[in-house]
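Both complexes shown next keep chain A, but they swap its partner, so chain B is in the first and chain C is in the second.
Right after this comes the complex of A and B.
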């Protein structure tokens, strides 16, 4: 115990404003009825954000609600509720936690379930889904919800993008996907017009899309500041600072948040303030949604001098210039191009490494740019879609970087029964020792 | 179990003492016994490293190092050709890939007792066979009865049912070994296994389990002379290395100021 020494860990002040955003989003769904607005149960990264913002539809984010339940370690009652109707624990626990919540509310005749975190979330007037390539809950969750919310109309689009195939040049296909996505978005607008009884204001939509583009750029510029050594911001913080771009994109508040964060990071860099003092190891959070009930694990890393200047999770944005989007007067086509180009823009880099994938190409880019020493993955048990392929990614990274230290943590996003703190910390300890051994070997 | 290894230029003593709710805080007692056996005083020890799940409960330790690093160090000192270690302990099972005695990758089985020594303890108990006799008994099996349940509790029920249906105890024990070996293999194969392979921990003392592992890995495995103490040996060697390096660099390593006392955590 003589050598145990607590090291300083510094969070950004700007991140302290995040609970206000999250609470604000939840309370907006409750106030919507008084304000004559419609509430849509919606999914993040579905391409629907700007449509909802331009039509004054208030999004009810199921993932956010379940994440808040998990962070407060208060999800169990909703998970059990869903389980009582045969929803398995191995299904997406974002979905089952939210479905359990809606089941409880319907059973109580629409009354808010007691103890719903932060006042709960408003009952939706519509459900928007999106069958992405990977995430099956994006269409199964709306379908399952419809069993309990019988009067609520559901609209599920398919925002597909060219699937990864190392032998196919996706550039030849992308315009067909963009056309398809654009049509899906137009149908979404028609659906929203029908439910709200209001027509889309196309000029307003174009302005919202422009604001989103600006926010994408500012977000990436701000996060790139974390390349500084020592890094001024950790992934532990990023799991909070992702809120405005993930849940509030297309709003001035989201843009302003990143202006403030950008200023704070620049100040920290100028003063040489890092997350850990000393900063011993730089790691990439290479895949995986976090265990929302165990975000302190990031501080556990920080306490050992290990920082995460970069993460893949919730960084689903890119500099607009890099995506080289064709000009169009249709804001929905703009969204479609941004969507397709974003999901495919690592394909070319991936083709250059035999056996690689776009996800690995992205990790390699970040690993180099942020001067990382090791890689951490988190495998969330109930989320198959976004966590499939972690072992393959680790194997490809080992082919590229040989004995690079890689840690695969195991847990879940919401269900605490899939998590073991003592073992997680034990693995982190062993991983830190592996990083040290690797560094010594590199020196010799 | 609590293990103490004291090294100088050789192994001075290696002792295995009990662990449990009461004994967990009594690492000092096992240390006292080891010192007595080695004819040393506590003051004679230059540096102490604690490892394993209980490493934070050793107030007199100068440093804590995880069992992953310690296993690698200890085993490398005994069997330097080994590149993959399979450790089957009472609480978990692990796979460790090493290169020149240093860890390059590891995997651990947690949250579930399947594939660990605890699984064997439960089954031994329900079959009424002493744990130490399971290995030899399984060699008398005519076949390994398939055990389909991976959950320890359900596997215990399955074994009890099979026993009631007239299956021989030897066949059932062989089936249990096969089940653990399958579980461990699927865990360790994530490491890109390289030979030589060694098995440590209590599982290495079970000849039936070792044979089942050899079958799964398609290769003979090496067993250190005392597979229970490789982690403690590694801790002792790392402590020695740390102390010697400090001496070479001209400084005295920071020591715990706690004397040989029991952990206060549980009092």
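Right after this comes the complex of A and C.
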């Protein structure tokens, strides 16, 4: 067992309850068999959450498992296992860590590999993948995993949205994109019915989708409380509080979690309690998955008086009203519209800023609304899907805000070999100096 | 290999290879619109039907990425970085526009980096699906219609079904001609070397389809006429990968004492074997070819009832090529940071090896500067299978 980093202190009490959620999700996969439920290796943000919840399929989240291995600084043995069968270290380390774990388990005849975090994760009965406009591993990881779990059926769908093109009106394309997504989701249901031997309860699915909508709204309302000065919660916490909406959407537990968080943030605001005391600089975490083995770096920022009241990462939800979703009686079409509009609703804003893109339009909106002073990106070397294009986003921001302080950190999500704490802290120190200089310049 | 210096077709291929884009420049001067594109997934039939001259972008393995690094992350596929670097340096300055098809993250996640830095009059991102079921075919036809609409708007002309049908015929003929040339490699020794073939493949993708066909035809005629090489006692190698478009790789193989006799590359067999069916609605045939017939790892294949059935559907063609071309060993040449190909390595390697053909897996940059290590491993592989 590798050295486990001292657990990160959290600013909110509610966030301290997150490990229970994560353990609960892992443990549900282990108990599924005795409860007569099927386990699906699945991906977040694929549109499959509500289908699984409505059919009592237990999701096994590979990204979460690998993230936990990374946070415990104990992923190396699984990364090496995958590497031993020629999976390159430059591939997505969420995937290679999880594949290495499954390879080890299969080699041991199904016995849980020693040191698997928090009891490990259950063997899947099916694998659900998804081709998207992002993330090749969402369909290559299932295929690669099946090489070792040959009896486990794989089903891959496509969930596309109209690509950004400043010269093409996306509104005209939305309908056929939604039609396509809806058809793909119906195919997913058929596959799940085949594997589980149970029919979809469409009323139950509709109720789960309604609950998800409510949770989206509550989540955004709750996160908007972080606009307060000083901010009562920063991204260090958000990398934990994203768990219910990311991995447990469509459940009452997820909704209840945000009720509790909402109440706590309101209390903190009423008492004027902030993450940093004093709060000197407000930053946006503008893109990039975090280094799960180095979440303490957020506290390092906090120690310098820098807080992150807002982040793009894992804030993959929006107020439902803002998405202006057309009415439909098909809950899958509802999911499809929500999915497509979630991406395209930034397009009109982007068109208003010459040279901008939807990603940048979103950063600008948050930057303004949350009264930020600087921008931080994280570039993870093994993940192209969230980390390609960061340089371009930074360049566009510089065109809009001129000499705005921007820091691009480099590392990985799981592979700690890419990380050097001293270098990272030195870069943060230099960035803080830049923020101070920028502020002084603004005053003058 | 003898006689290549004086052979007209091979000489032309050599020139177009060395001065990539030379013909596009000439056509531009003659008033043709030049549209660049990336990847095997761009439906060139549509570009041909539109009357533009398509040219597939290549990288430059013997040039360091310099200017491109200011705009694009180093975690991107090194081939894409090289092609982008060449583009921002003005190597493809003759282009009026570009098409980027949705192949992989390295392409689609950099769409905005390309479009904003090149700032061409025409730009289109073609959102090709990763899956191939009925809904995906219908969706593919929709996005082809959008693509056609943007081209029509840019060019100010209508692209008719008749023109598309004619372009389909022309490209199918082009593919048939290239397959005829490949057949000359089945002999032992092959009548055309891997190095020469690489030049032909690269030259062909820089030309309008009729000129490309003429070039291939003339190369085939010349190669048939010249004396066969004497050295037939060499191992016969197949190379598998995406866009390998520099002679340094076939040279590394053939200078080590083997013949490169066939490939499964995205500028080679992958694009020249599958044809477009001549369907009543031409978009139906195009959608089916690009989604269901092209064997590239970014298209998910999984309709089989078992994993083994899916392996056959994904890689069965490799075993066919190995048998047809009497391959002694396969080299899997994958670029670093390539998730689509990288995640397939254990499956494809074990699949080929299960048929008794040894496989060398190499992961490398897109650069001649790192090839010394690769050459050593190729030499060791050839010794091993000797």
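Definition applied: the second predicted complex is superposed on the first by the 434 of 444 C-alpha atoms of A that agree within 3 Å, B and C clash if a C-alpha of one lies under 4 Å from a C-alpha of the other, contacts with A are read in each partner's own complex, and residues count from 1 in each chain.
Going forward, a contact is a pair of C-beta atoms (placed from the backbone, for glycine too) under 8 Å apart; a residue touches a chain by one contact, two chains touch by 3 or more.
Every value quoted in this text rests on a predicted model; they were computed, and no experiment measured them.
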Partner chain(s) touched by A:379 [first = chain B, second = chain C, both, neither]: second
Touching partner for A:146 - first (chain B), second (chain C), both, neither: second
Contacts of A:135 with chain B and chain C, given as first, second, both or neither: second
Touching partner for A:342 - first (chain B), second (chain C), both, neither: neither
Touch count on chain A, higher of chain B and chain C: C
Which superposed partner A:258 touches (first chain B, second chain C, both, neither): neither
Touching partner for A:101 - first (chain B), second (chain C), both, neither: neither
Partner chain in contact with A:391 - chain B first, chain C second, else both or neither: both
Contacts of A:370 with chain B and chain C, given as first, second, both or neither: neither
Contacts on chain A seen with chain B and repeated with chain C across the two complexes: 391, 395
Chain A-facing residues of chain C, complex: 70-73, 75-76, 102, 104-106, 108-113, 116, 123-125, 127, 129-131, 133, 135-136, 138-139, 142, 146, 150, 297-298, 300, 302, 306-308, 310, 334, 336-340, 342-347, 349-350, 361, 363
Chain B contact footprint on chain A (complex, rising order): 1-4, 391, 395, 398, 403, 405-406, 408, 410, 418, 420, 422-423, 426-427, 429-430, 433-434, 437-438, 441
Chain A to chain C touching residues, read off their complex: 85-88, 90-92, 95, 129, 131, 133-137, 139-141, 143-144, 146-147, 150, 154-158, 160, 162-165, 167-168, 173, 176, 180, 183-184, 187, 355, 357, 359, 379-385, 387-392, 395-396
Partner chain A, residues of chain B touching it in the complex: 53, 56, 59, 61-69, 92, 99-100, 102-108, 110-111, 190, 192, 254-258
